[in-house]
Structure formats: structure tokens, C-alpha cells
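To start, I am sharing the structure in question, which I have written as C-alpha cells.
Note that the chains take the letters A, B, C and D in the order they are written out, and that residue 1 is the start of every chain.
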Amino acid sequence: MRLKAVLLNCTLKKSPAVSNTEALMRKVIEVLESLDVECELIRVVDHNVPFGVESDMGDGDEWPKILEKVLGADILIMGMSIWFGVRSSVAQMVIERLDGTYNTTNDVGQYPLYNKVGGVVVTGNEDGAHDCASNTLFNMSHLGLAIPPNADTYWLGNAGPGPSYIEAGGEDHPYTQKTTQWMAHNVVHLARTLKKHPIPPEGNTVPGWQPEDCKHREQRMPAGHVG
Amino acid sequence: MRLKAVLLNCTLKKSPAVSNTEALMRKVIEVLESLDVECELIRVVDHNVPFGVESDMGDGDEWPKILEKVLGADILIMGMSIWFGVRSSVAQMVIERLDGTYNTTNDVGQYPLYNKVGGVVVTGNEDGAHDCASNTLFNMSHLGLAIPPNADTYWLGNAGPGPSYIEAGGEDHPYTQKTTQWMAHNVVHLARTLKKHPIPPEGNTVPGWQPEDCKHREQRMPAGHVG
Amino acid sequence: MRLKAVLLNCTLKKSPAVSNTEALMRKVIEVLESLDVECELIRVVDHNVPFGVESDMGDGDEWPKILEKVLGADILIMGMSIWFGVRSSVAQMVIERLDGTYNTTNDVGQYPLYNKVGGVVVTGNEDGAHDCASNTLFNMSHLGLAIPPNADTYWLGNAGPGPSYIEAGGEDHPYTQKTTQWMAHNVVHLARTLKKHPIPPEGNTVPGWQPEDCKHREQRMPAGHVG
Amino acid sequence: MRLKAVLLNCTLKKSPAVSNTEALMRKVIEVLESLDVECELIRVVDHNVPFGVESDMGDGDEWPKILEKVLGADILIMGMSIWFGVRSSVAQMVIERLDGTYNTTNDVGQYPLYNKVGGVVVTGNEDGAHDCASNTLFNMSHLGLAIPPNADTYWLGNAGPGPSYIEAGGEDHPYTQKTTQWMAHNVVHLARTLKKHPIPPEGNTVPGWQPEDCKHREQRMPAGHVG
């Protein structure tokens, strides 16, 4: 059972500029590939992705082709830089574009990102990784992704301006090395489990949901469906 | 396979004062019990729980008995009120006390909260639920819990002061009703799955971890361990 | 002493699409104009503003002309919509572009946004205004702006999807009306005060600062400079 | 014109345990005292301060005596440690207790903390200072305090566990030294200015405010009141 991962690099810088976040994402990819996961790394700003909250904003919007890859993957990793303590504008834009997925469902009536697994990579010269990761993983969970334990890895320096991941030799930082291992392994563990044992479409489906349904739960949930 | 859930109500108010958060937590319990989950609801401020980051602060600390229940459960739900846009001080205190779990592992070397599932309940008269839920679910994921899709339910009114959940008739609010169903079902779905198919202790264990281990991954991960 | 205010509308939507945030910003402008403030409202996405952290990214970048207006104003108001509980990507992009101002100073060696005053306007269909406003006002304070009491106004509905400011009749919401008054008055009060009594360049200047300077404070701060 | 500052140390640890946050707060005090500010440092957990949102929770509550000092000061500095990326539970508790001030006004009808100035000190072994500072300064601004530019100073190490401020030699960290100077000077500059030129009670008063008043602004605001 081979898994696919899509990794969206949400740096502000277009290729071929050096991306510190990408350098750490490549460490994650090394682990994922060692676990037999097929990885595709996409630098969002290299594509024409306009602001918006629909899945296709028209006018040459290249988000649909990225979204198609996300929908075809088992694992979604978002990488981002920190600016002013907050996730990059590109990361925020990607989350906004994923809002469009709320308008469709998977085959069993759940949000289309159900049964996929999310993880986050953050780099900054200082402070802000918790805020970036918590917002992003939470948004992912709202969109339907499951979040394994220790689903993030990050590098950052101490207080104030300073060198970034590559220049600072972040690849040798033990904590980041450890969490890179943990994150990469755990997204794979959970993705494998959910691929074999998906979350049943019970109590969590979208179409036609009405508050009244709550009173008739037995009609929506066939006996023995769970487990 | 019966599951156990511990629900920590992190309101500021001691019993018997009315707790809006508890009112919504009881809605969650209704769904959990309908799914054959044994539930225990604990109002933290009714117990002597001092500030600290160890699992036992001595001097009559009653956190150890609460922690024991958390460690014996499959599902941990934290309920909290919003104050000034941020989770209640009691919720923050509970997260701080859980820091003590980092000093131990489960039987296979992972953090002791691995293979448990987390969810969050938030109420406020206005604004702040995303911040409370994202921080809390993220902290839970760091502690080892897995987070299912749509792992939170909340109620809040529109901008500014106003009535809280009970007085405002929040129990009839369709969005909160829907997310209560989704959250309760999904923590159960994922807890059942992880109870049968736990996250393997591969690439995510604590004791004796050293950066050097990364170079010898095959020694740490027996072939065929995953899946 | 006439004041100038620049108001940056950080909606995702280009003109002529309706902007709920703009509708509330226009309420702020009404108050500002009644207090004899000259206002200029700029919708950022109507201009060619690329991602980046420099003040001029080249290639037809239109940020420099916006920045020039900001630098010429006494008051900077940022308006933004909430997406997924976080400020819009456009608002984040604007903050990132303001990073470029750190590379210059005003005439007395402070950051160039010193002695200007900041305020924030937020709209969303639900939840997230505190997070948007706190991050934005804090970032502004780092950039050099002063923040008066009650420096934000926002509108949002109750939990979950729902109508936005205009459709929901947010203009009649007492709390938002009140905070619009407070915010608009207070940015003017403080801007007037700082225009007459600027923050002295003492203990807060940029160029050539070295930790060693701390030991020679009297050299940097002429007697009687303060007050 | 001598100023008074109250500094609330919101560490989790009771005296005489070492407080890293206090060590940095003492650096701030050094600067404040050099600027002729009378400083009082209070470690909140050394006092009996229960959870709550009223100014006096009874039963030996010692918050009222702390609040009295805050109300008598020109400058309020809150110091706090980071836990799990979020401000300490004690800092959150202090903000919650300040909620009680909304029930009173100063002599001219503004919130009682108007015309005071706020600043923040944060220490942690890693990540989270922006989140702590932004929430706290924003909450302060809601309560009525004015926030000068660069109103925070913090120290934190790089990603992951590690030594705290004192052990790590944080007192020699240039960025923290610089921001300590900036913060301390700027709270003094602004407090002096507001003491001489307070924010006029115009458009920002509490009692009896009604939306209708907006239509009769001229009645509430005597000509020439501003400036």
C-alpha cells in the first residue's frame, strides 16, 4: 500500500531563490521516501494562484491543478515561514483557497479531505512556530484532515533577528531532527491506518444535514457500522 | 470494545455555579454515551489543583488523581470558556500540568498520551473559539494525542458582550448542534481505530533518542513493523 | 493641525466586488472626517502588490506608492476580513511588506513609523476578530506605531457560517457602533498628542545601536530631553 | 513629575524559587529607575488570588490590594513565562481579574485604566513570545491602556527544550538588551505625555452610552475639547 504525499511550500520567494522552509521540508521528504511514500513538493508562488475562497477563481488560476494533487494524496504537508510571529501570507492564502473544498464531499458525504492526514513544517529566524502550526493544523482538522501526534517540525533561532535554517546550520539541530522524524513517521502511520480503516460516514456527513436529524440518529447510522 | 472518555471542564466557576461550558459538554456526553462511551466529567476548579508543570506538586495536590483518570481514558475532551479572546486560565493551567507527562512514556517508549484522542469544547459570549481550540488541540497533539477531523464544537454570540450559551438558547443553534455531533462521533471513530490499531512505536519513541539514531533507522524499525 | 489617515482595506476581493470590511471602514471614516481628519481609503488588491519583505520588489510593484502614503500619514488603519480564524492573507502580506521599513529611520533615528498611530477594523461572519486585531496591533507597535486604548472595531456574527456585516445589518449593531466611535476618536486623540509631543529619540533609536551604548546612556540622552 | 510603575510577575513559581521572568523584569526596572520611575514588583502567586472576573471574589481575595496599586500607577508592566506557546495561566488569570475594571470608570467616564501605559516582558526557553505579547498588549488596550511603540521585551532560546533566561546568559543577548531599553524608555515617554495631556473624554466614555448618541456627537463633545 503505497502512500502519496503532497508538500506545499508556502515561502514568499519564487524559485530559484533559496527557501529555508524547503530545506527542512526536504528533510521530511527523506524520511517519507524511506517509508515508501511518493512525494511531490510544490512551491506555491511559482504558480499563478490568486487570492480567493473558491476552488477556481478563473483567469488562468493554477490552484485547481494543485488542489487536484492534494485531493489525490493521502498526506498533506504545509511548509511555511514565519513573518511577524504569524504564518506567511502564502500559507494563509492556501488555507483560504482550501475553503472551496467545503462545497463538495467525498463519495460518502464527508468533506473531501476526510481520511487524509496533515502535518506542518515551519521555519523562521525566531519566534512564532507554535502560532503557525496550531492555526494550520487546526484549520486542516476543520477541513477534514486527521492530525497525528507530533504533527509538526520546526526550526527557529533565539530572540530577535538572526540567520535562518540553512545559514544557521539548522539541519544539525537535535530537536528539529527529532521532530522531523516524529512528524514524518506519524503522518505515515496514521495515513496507513486511515487508508485501511477510514473514518466511517457516521455522524459527520455534510449533505442535507439538518438539526432534526439528531433525533433520528439510528436511521443515519446502520447498526454495526462502527468498528 | 467499550471506550472511556474523561471530560475536563475548565470553567473559572466552582460548583454549584452554573457553567455554560458544562451545558455544552453535556451535549457532547449525550452523543458519546449513545455511542457506548463511558464518560466522566470533572470540573477542575472543584479540586485543589495548584499552578505548576510537574505531575505532582505536593501539598495536597489533587491533580495526580485527575491525571490518573486521563491516563486511563481513550478520549480526552477539554472544555473551556473564552476570556479576552484566549482560553481560560484554568484550561491553560491544565495544559501546563500535562507538561509533567513528558517525563514518562507508555510501555513502548512513546509519550504516555499516545493512542488517545483529543477534542475541545468552547463557549463564550463572543469571539475567540478558534484561538482556544487551535492552541488546545495543538498542545494535545504535542502531548501525544491524535486529533480527528472536526475535533471541536463551540458556541458564541456575535460581537461584544451578551448572553452566554444557556441564556442565549445555544442548545438550539444548528451549527453548534452539528459540530457537537461531528466532534463526538469523530473522537469515537478515531479512538476505536487507534485502540485496535495503535500508532507503532517507530520513529516516535522517547527514551534514549539521539540525533545519531537517524542514521541507523533500520535498527530502530523492525521490518514489517508498520501496518 | 489637520491630520491625515490612510486606511488599507485588506479584503480578498477586487473592486467593484462588495467589501464588508470596507463598509465598516467607511463608518470609521465618517467619524474621522467629523474630527477633521483627511482620509484616504486604499483597497490593496486593486493594486499590483507582490509578496515580499522589501519596500520595493521591482517589476511594477505598486507597494512603494502605497507606502509613501502611509509614511505621509499620521494614522494608519488596517481593515481585514477573517478567514479560518486568522487575518486575511492580504493583511498578512501588507504586514510583511511593512517589514521593509525596518531598513530606514525617521529624521531622529527611530523607525519611520514612530509617532504615527494605528487602529484595526475587522469583519467576519464569525469568530476570530481578537486574533486578527491583537496580531495586527502588536505588529504595528513593533513597526513603531503607538496604539491608543480601544484601537479596534469589529463585527462578527455568532458561531458558524452566516451573513456578513452588510447583509446582517451590522451597521445597527450597538457594540460595533460604540467601538467604531471609540477607535476613531482615540486614534485621533493620540495622533494629535504625538504630533504636538512626539516620542523623543531617547532609548529607542536604531542606527548604530550597540549593547555597549547602554552603559553610556547619558551620552545618548541630553539632559532635559524628555518632557 | 515622578511616575509610578507596577510590574506584575506572572510566573508559576512562588518565592523564593528562581524566576527567569523576574530576572528580565529587573533589567526593565533598572532602566525605569534610571528614568526616575518609582517601581513596585509583585509576584502574583505569592498572594492569594483566586480565579474570577470580578475585582473582589471575597474569601480573603488579595487581588483588591494589587488592583489598588495598579490603579494608582502610571505604567503597568506584565511579565510572564511561556508554556506550550501561550502565556502562563497566571498571566491569563490576571487579565481575567482585570475584567472587573470594566464595571467602573475614571472621573471623566472612561475605563479606569485610561491614560495609563502598558508594556510586556516575556521569557521562555523557546517560541511563543509574540503570541503572549500580542494577546496581552491587545487585552491591555481593550482595558484602556495605551501601548507605545516597541512595548515588549522578551528572551527565548532556539527551537525545543533548553536553558531559560538566567542559565542561558540571556542578560547578554543583544536583541533583548535593545528591546529592554526601547520598551522601558517608551512606556515612560508615553506615560509622561499622557499624564500631561490625557486622552480627552470624548467619544470614548462609558456611562449611559447609547447608539443614539452617535447622532448627537456635538452635544457630547464641547467645541475645542480636543487638543
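Criterion: a residue touches a chain if its C-beta (ideal position, glycine included) is under 8 Å from a C-beta of that chain, and two chains touch if they have at least 3 such contacts.
Given the structure is predicted, the values throughout are model-derived calculations rather than measurements.
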Fill in the blank from the handout: Matching interface for B-D, options A-B, A-C or B-C, criterion over half of contact pairs identical, gives A-C
Fill in the blank from the handout: If you tally C-beta contacts across C-D and across A-D, the winner is C-D
Completion exercise
Chain centres from averaged Cα atoms put chain A and chain C apart, in whole Å, by 31
Exercise for the section: Would you mind pulling out the distance in Å between where the CA atoms of chain C average out and where those of chain D do? Expected result: 21
Practice task
Can you check how far apart chain A and chain D are, centre to centre, with Cα atoms defining each centre and the answer in Å?
Solution key: 37
Problem - chain C, residues touching no fewer than two other chains - result: 84-86, 130, 134-135, 138-139, 142, 174, 178
Completion exercise
chain D residues touching chain A in their complex are 84-86, 126-131, 134, 154-161, 173-176, 178-179
Problem - Touching residues on chain B, where the partner in the complex is chain D - result: 12, 45, 51-53, 83-90, 92-93, 95-96, 99, 135, 138-139, 142
Practice task
In the complex, go through chain B and note every residue touching chain A.
Solution key: 1, 31, 34-35, 110-111, 113-114, 130, 133-135, 137-139, 141-152, 172, 174, 177-178, 181-182, 184-186, 188-190, 192-194, 196-197, 199-200, 202-204, 209-211, 214, 217, 226-227
